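Across the two complexes that follow, chain A remains constant while its partner is chain B and subsequently chain C.
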Partner chain A sequence: MPGSKAKPMKTRLSNLLTGNQSRQGLWFLPMLIAAAIAFFLSIRTTQFLAPENLFNLVAQAMPLVITAIGQMFVVVVGGLDLSVGSVISFTTAVLALGAPDYITIPAVFALAALVGMTNGFVVTRLNVHPIIATLAMQYILLGITRLMRPVSGGTVPDIVIRSVSGSIFGIPMPVLWGIIVILLAWKLLHGSRFGLHLFAIGGGIAAGTEDAARNFGVSDKRKIMLAYVACSCFAALAGVFLAGRIVSGDPNVGLLFELDAITAVAIGGTQLSGGVGSLHGTVIGALVLALLSNGMNLTNVSPFIQTAIKGSILLLVVGLQSRKKMGL
Partner chain B sequence: MAALLNRPLAQRIVGIPPAYYVFAALLFVLWIARPNMLNVNVMGVFIRQVAPLGVLVLGQLLVMKVKSIDLSGGGIILLVNYFISSGIFAGASLAFFIALALAIGTFIGLFNGLMIAKRRVSAVITTLAVSIILVGFVQFLSSGKPPGDVPSIFGDIYNTKLGPVPTPVIFWFALTLAMAAFLSRTVFGRYVMSVGESAEAAHFSGVPVERTVILAHTLAGFIAGVAALVQTASIAVGSVRVGLDLPILAVAATILGGVVFGRGDGGVWGPFFGVLSFALLFVVMTAFGIGEPGKLIAQGLIILLAAVFYGVRTAKLK
Partner chain C sequence: MKHLSLTVATIGLMAVAALAAPAFAADFFSPLPGAVPAPGDNPVVETGKYKKDCPYTIGMSHFGVNANTWTIQVAHEAQAAADRESCITKFILLDANFDQKKQVADIEDLIAQKVDAIIVQPVTSTSADAAIEKAAAAGIPVVLHTGLVETDAFTTEIRAGGVYFGKVMGDWLVKTVGDNGKIWVLRGLAGHPEDTGRYNGLLESLKGTNVKIVAEDHGDWQYDKGKKVCETLYLNDPNVDGIWSSGADMTRACVDVFKQFGANIPPISGEGNNGYFGQWIKDGFQSISPEYSPAQGAAGVRLAVALLKGEAGISKHYDYNPPGLDLEKAKALYRDDLSANVWWPTDLPEEKLKELYGNK
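For the complex of A and B:
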């Protein structure tokens, strides 16, 4: 590519700090940022380390963690899913329809899979840019959600509410959710052939050789489609969690969630050009955002500066990751 | 299907950006169902509403032609709107506000361009981060409360008409003309085309790729500053939410106009009609009494169909 020069070999430490040469991307620096915020809060405030606050932190972070993990599947193959926010709102609206839980709960995942499949189909088979395809889906799904439920209301099935509150064997339910989701995502991304193929496909796309993975026998289009399905299903999972927390259906609960999810993924060191990223990075990225909002509440800092700090961290972390390719 | 698409006539027909079809179809629907709405006064009011979007689209199409994207326009509009309506520059002249808006836009565009072309940072993330920072900055300055009134001179200019046509519409049209001439008659316009086709080929042909991308983003920022002025003039009272959905709508209108990340077939007039289609869609939906959800669904379907239409075509060309 124009302008790229051969760089001298760097030390391992500087590689760790900048994420250069790493398939996992820049996750170390975000971890330091998260640790620094947590350390700062624990000495500045007495409430931060209190069990109730840590519980709140996990419960508040969980929808973002789940959505960001889903988003990562798509980002790794060089895509982007702007429809996850609408999927979340849609899920809460379906759950609050008043139908029996053994119908609505499987239904939300089936519908989310359908949304993901449509996104994936349009992107891979009809050759539409992911930003455009998922943006259109965002509008359509938001419209349907608002038709179903113009304002928030209704009640979600009892089992959904019980699944996010209280605790089992002394483990609070949100923490349990986190453990299960992370284990599931780890299995899919780092412990299966599917995940390996996603990284291979994304690496090829980032290097400008889109056929690379296919030439090695990976059925790339089907795998990319499945990545979109996974993304939508994780978003639906976040929607179920949120529905349990707010106990009703809300057409606006997922608004702009996609931007937060992308922010978390990017802060966690996953590159939007594809092929580079890690699950722990994404979780750390979501935690940084959650710690920021939690810390601002505890230290009574104006909540309005929080947005600016969030943007600055995003710009800083992403600015450190130089790529060869110019563009999206 | 494939054989049919390879016919010269079929090629010609699919070569027309979808915006023209959508515009013609909506006009036809309106002509059949509500012919009384098709007069200059009614249409002028609706088209005036999309003038800020129309101006912003001119910048968006420029960066999308060089395979980039700019999502920071919303932040620029919000910041300019805040500066004008909050009264921190109380008593300043119109010229001062115009210079301020253009300077803010240009500076932010230049920053975007440097980050994207020199640092090679993802364009989506950079411009998204810049927008988040600007929105946060305005929220911080205003503590989330709506600022104040926009100086009345803005509204006075906005409400003038040249004959039957509102001034903002003429301004938008003139700016589009200028952009079309700029892209077709200058060396920079050629550079934009060649970078969009292939950055690598452009580089080896001696096109300053980085400089072209930086300049495209700087111009897009400048245009966002102009759009911010038009948007501010269109509302009498300042707001902390104004213009936030405009960048993504601008992307949608640009795609509808046939400019899809590097494929610049739609020129400048495709996106122009893309914006007009959105205005007309709004008229049609209002005329039939369809609410906001229906508008969202229709908008999404139109974007999707237009993009599919284009995607299938580019796949055949490969």
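For the complex of A and C:
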């Protein structure tokens, strides 16, 4: 019966476009929008598809891709981390201290893990709302960073600079970063018990049944704390990448990065109430933001209206998703 | 006879000097009134390697267009200068929004667009270095202004503001309040190199004096934040001999606080803004305004075009360190038919000034 086949196909397409009945959220629509922006730019400008520009695009998008992926870990469990921008600035400042790289590089990840553990502890054990807990951490870290490095400068380890520039076997280093980070995140989120538990805990929180996961033996507080640790460590990774890009430590480089990261996660279809989302959606969300920035530069949009255009397109992308679905 | 010989010789020397002066003036390219080739190791740019025929596409990486009225005017000055230059067929103005990573991306995008020259207002002294080096490696001349960088890969630069700006205000304040004065310090945006530079200029002025900083806070160069800081300081202890304000809209705010409390306005440093000049002229308090013209935006465009035309006498480093503006100079510049948002001196043509800042 042709009719019986057509209906499931129509339903599947509808679900894909609306994100209904999907644990991966609404990621297909943002992908269409990203493709539409890329198509528009490829016919509107001669430079968009040039290898140099595509390489620039990947390098420009990478810090946001990494930070947004980290942010997704806490969003999936119904949280938010506003301290990631400060972690990024702090990381660049530590790396630029001029100490040997075998000390500074492990140190930034150890310190980031400590920040994540503190955030997780305050949220899960002291029951402070994630926005307040991580906002406080944002200010604390910003203050420490400005004390360490009041203005930009310092010496970033050579290995960090080399790791983000040039290429290996013809593959540009930022692309390599992207592949490694995405594989790592995929394993953690979609290929491990840890990731499965995060989605289960987030789903329970979103449905108002916080105890559901615990009933199946999942220690939700410990897992949520680990989600914050992962988020901070990914932010530190983005900080390492940025330190290599700007070849200095800077107390302000991560300012407002948390908002872009949350926006990328939301555009990618991850529900802010928890339990639903996908890694590819988050990557697409970050790419939409990077494409907008690159595209407006290439099409010579006046800086006086760039911000307004960016806001309007974000409103369009996010507006196509219902507030209830996004968990806002 | 001896007198006559001496007189003839003197007149002769003066004539030679008068004739020589324009010749000297023509020896170097001046991008902006008051900007002169820096002393010391300062090579002349070999413009031959950048010389090309019209038309030109010029790109500009602005550190943050919408931060305040001064940064907006820099963008207008650059655009107006590009509009006036017939050789420029495309002027691409990109806004880093005080975001270092965005500036790196902006410069990379300009290189990818194969522009003929890039003008950079660096967000910080180090963050744009790698991107500037990339542009230089691609054979694109880079013009810098309104900020310093650590790399030497740029083609030419105008050095201004920073330490010198802070010192002009600091020297004046020390002279005005006396050796044992107590001062407040209103700083700009924390972590911004221009704020640090200006503050270091003040510290240089204070060396060897007994002038004491009794209070210090950041007003972020904004009117509202500056007003809050000044109100707090006044309510805490109104006894102050002078105020070193890092400029922008904070000075106007602090003057308004003293007026609001009906107190005498102490000596306070300001910056060359039409609104501030109007207030200064009307209230007649003691002040100084270091010159930091937004016309540096236009000067950057002029330098870029001169490089591409292969003009001679362009120095690698220009210093733009004019003396501060006093009340008389402020009166000469002030225009009551224009809004408070114009900054002086300007290079904008009259019709553009009226279009953008006209009161009517």
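What we mean here is this: the second predicted complex is superposed on the first by the 295 of 328 C-alpha atoms of A that agree within 3 Å, B and C clash if a C-alpha of one lies under 4 Å from a C-alpha of the other, contacts with A are read in each partner's own complex, and residues count from 1 in each chain.
Throughout what follows, contacts are C-beta pairs under 8 Å (C-beta built on N, C-alpha and C of every residue); 3 or more make two chains touch, one makes a residue touch a chain.
Every value quoted in this text rests on a predicted model; they were computed, and no experiment measured them.
> Applying the document's definition of touch, where does A:Gly268 land relative to chain B and chain C: first, second, both, or neither?
neither
> Just to be sure I read the superposition right, which of the two partners does A:Gly195 touch: chain B = first, chain C = second, or both, or neither?
After superposition on chain A, A:Gly195 lies in contact with neither partner.
> Is A:Gly85 in contact with chain B, with chain C, with both, or with neither (first, second, both, neither)?
neither
> Have a look at where A:Val151 lands relative to chain B and chain C in the superposition and call it first, second, both or neither.
So A:Val151 only meets chain C here.
> Contact-wise, after the overlay, does A:Gly277 reach chain B, chain C, both or neither (first, second, both, neither)?
After superposing on A, A:Gly277 lies clear of both chain B and chain C.
> Based on the superposed arrangement, let me know which partner A:Val253 touches: chain B (first), chain C (second), both, or neither?
second
> By residue count, which of the two partners contacts chain A more extensively, chain B or chain C?
B
> Quick one: is A:Ile132 in contact with chain B, with chain C, with both, or with neither? Answer first, second, both or neither.
A:Ile132: touches chain B, not chain C.
> Classify the contacts of A:Ile309 with the two partner chains as first (chain B alone), second (chain C alone), both, or neither.
first
> Which parts of chain A are touched by chain B and by chain C alike?
Looking at chain A, the two contact sets intersect at 146, 150, 302, 304, 306-307.
> Spell out the part of chain A that touches chain C in their complex, as residue ranges.
Contact set of chain A toward chain C: 47, 50, 52-53, 56, 59-60, 63, 146, 150-154, 161, 165, 242, 245-248, 250-253, 255, 293-294, 297-298, 300, 302-304, 306-307.
> So in the complex, the part of chain A that touches chain B is made up of which residues?
Answer in residue numbers: 1-3, 80, 122, 126-129, 131-133, 135-147, 150, 259, 262-263, 266, 271-273, 302, 304-312, 314-315, 318-319, 321-328.
> Which residues, counting only chain C, touch chain A once they are in their complex?
62, 65-66, 75, 90, 92-95, 97-102, 104-106, 108-114, 124-127, 129-130, 150, 190-193, 196
> Within their complex, state which residues of chain B touch chain A.
By the definition above, chain B touches chain A via 67-69, 115-117, 119-126, 128-137, 139-140, 142-144, 199-200, 203, 209-210, 213, 248, 251-252, 255, 260-261, 292-301, 303-304, 307-308, 310-312, 314-315.
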